[in-house]
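Residue numbering begins at 1 within each chain, and the chains themselves are lettered A, B, C, D, E and F in the order written.
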């Protein structure tokens, strides 16, 4: 009946013919904030609690619920989710790594985990700093699947952040 | 029993003593992409469907489920959610405005709606452009509640984007 | 920013200016099936269990999650959900009645409860009867709110079913 | 401990011994409405937005969450979901096709997608037409799995609708 | 149509006539485990992470989703959720306190939060101790609403645990 | 980036290298209550409905949503869930048995099903008995997977309950 709809009709890609392979994706973003906000996080003085612990759990749970939130994502049985943070000068880097053995990749799961972890940081600190900005949310690495390896060629600054 | 836990224990703020007032928040973010990706969106040639229609629905639904995703957010009966897009040179601006009549604000709902709308854009276009970046996710306006009005003093570039 | 989107952009109606009033909606549908299927339900001989008990719970739970499933529905704190069945010749009538005290009505909650209760009947009996049909899903009564009372003028057959 | 419960206890069928095979199901329903309502949908003049775009997304997302809503359904990793519409004289036909590679079929997922897409049409148009009726919700085709092929022998009218 | 169903039909109590008042409930349970397991928790040596931090978040989130899990519970907009732990000789006491301003109480929310926090402790430690037992899950205090105050008269041991 | 986080960071265990095998878990708990409460359940005189039917459905659905509730649990496609009850002198024994064919076990799913079934019993009877206690929630059997068989060595009383 597809001819009865116009152009642009949304569809979930049919992945039934794709092979089940191990797939992995790594995404990152950055939460920029006032230095005193960052210091309060590091010193565990935020009234709502230990910010990075809560943000990590939120990111892990978000990865598992990506297909609930992103309409055309396939549901996937994730085999691993890892969310990490690096405290920098006036920002926190968020990194999420997700793995699966399935017919489609986990880029969205990794991006979604980063995004919800970052939003949780915002939520916990917004009483003292509403000016925080979440940026640089991007896919950094992807492996497995037909399209092969992907490594972000992105700006040098971020690369060196994570190369050490 | 609160004394038996150490510092940094997570807690949901008790808003039981706050008055029920009308509250509103407006958040924005930007999805930067290759010009040909943007053109494909505008020309409605993305294989997964009409990108902005799907992203809008995803954003609206995400606003409603913010307290499921952000651990310390209160559940709220939103009275309005609006998600809008502006196509620019090599990016799409995403804006979400949320309203409620309750004891706590809707900043997180507006930010979450922007974030999921932006991730949906990424999901629908990632087959042709994995280098897209989601950035500048921030609160722009907030009204209602004890803390009063908030207007982002942010950089001039964004301001002018939306001032026209 | 609404001017940047074309016609037809989806939006959740802003109900912030509506008064909070008690509202009620009643919806019905009919599951038509083979007589032997109906007999097996009545005799509690369906292998998956007591069909109407399970369908009732499914309908009640569905009412509560309507805004998760129907994109532009407002979340609502339902004060009452009631799901009832009537066994007829070769069909089961399903009725759901929902109440709330809020700014918008509960038509969708009542319809959604009927629909999921009916689908649960289908699910539990499909091993013996895949030809079942769910029909006549409609709003029958609505009260409260600005638009006033609504009573379905529908066909006589249904009316009399429920008038007794 | 099964002997301690009476007859009719609900159970999820144990599918652990079934082979993993590709399975597909196709379901349909019809939303009957006033001609002017239908015209407003076609002309994209419904205040809540582009009805069929929103309904399609709602149907796709509903397919993915079928096991949340229908109590005895197994969770399944769907490999494809497609929702289509056909505008007729005074109704819209809704069709959903779902695929999976698993131990059990996707009839309920296809039926649930149709049902939620139809309810979304109702929700978006109810401000102008509360008399709409959702009917003829039925399974039309099923393949894969032990029970073999299923093709609905149903009434000719529907058949010809879709045969062209 | 209630007369067409037999006895025992499940129903959500109609709370539409109850007044909106502030309500509070406090529940507790105990996770009993081997001393070495408890020591590993206290020393933060469990491989899956900081057990009590994760369990606290899980409990808070569970409170918010009680009406999704317990079929006849009303959805409620919680104004406060607090989950606390006390490490004892060979067990961890879990306590959850929940508040709301609504038409029905939050006993189930407090019990559900305790239960999910305790299950999370089990999940994180089960690699080293499958013999853990969750017990003594009970309501301890309740205030607000027509039925008045409730204080558990329970055994002295527990009382004194929490009286200090 | 794992070196940038301190000890105790939460992580979902990576099960990508584990073989897919059939796994099974059986858990139990006990709801202790006043004899008259138990009698009302048995006589189906509880106002909210047939307690054990509702509790069974709640338990089955909870098993399917375990990874939503327990933060570090992997999502799993359960192949079987069975919830059973045994009425004793002044308590109801709850038993849940869950199966899967996957890379990790279903202990948490069985425990979660027991817990939510027991909480549902509490919810349905709390109007007449707030003193009920849920206890003895424990894993009883586990098979499949690298760690081999597990049989609870627990107290004799429980063992004999279920050995007959």
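We adopt the following convention: a residue touches a chain if its C-beta (ideal position, glycine included) is under 8 Å from a C-beta of that chain, and two chains touch if they have at least 3 such contacts.
Predicted model, so just to flag it, every value in this text is computed and none were measured.
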Those chains which touch subunit D and also touch subunit C: B, F
Labels of chains that are neighbours to subunit D and to subunit F: A, C
Same vs different contact residues, subunit B with subunit C, by half of numbers used: different
B-E against A-E, pair bridged by the larger set of C-beta contacts: B-E
From the options A-D, D-F or C-D, the pair that copies E-F, where over half of the contact pairs coincide: C-D
Remotest chain, subunit C as reference, centres from CA atoms: A
Centroid distance [mean C-alpha coordinates] between subunit E and subunit C, Å: 32
Interchain centroid distance [CA atoms averaged], subunit A/subunit C, Å: 37
Contacts with 2+ other chains: residues of subunit A: 9-11, 13, 50, 53-54, 57-58, 61, 65, 68, 71-72, 76-77
Pairs of chains, among all present, that meet the touch criterion: A-B, A-D, A-E, A-F, B-C, B-D, B-E, C-D, C-E, C-F, D-F, E-F
Touch list for subunit F against partner subunit D, complex: 22, 52-53, 56-57, 60-61, 64-65, 76-82, 84-87, 93, 95, 99-101, 162
Touching residues on subunit C, where the partner in the complex is subunit D: 7-11, 13, 29, 44, 46-50, 53-54, 57-58, 61-62, 65, 68-73, 107-108, 111-112, 115-116, 118-120, 122-124, 126, 130-139, 142, 150, 152-154
Touching residues on subunit F, where the partner in the complex is subunit A: 1-2, 4-5, 9-16, 67-68, 71-72, 74-77, 102-103
Footprint of subunit B on subunit D - complex, ascending: 50, 53-54, 57-58, 61
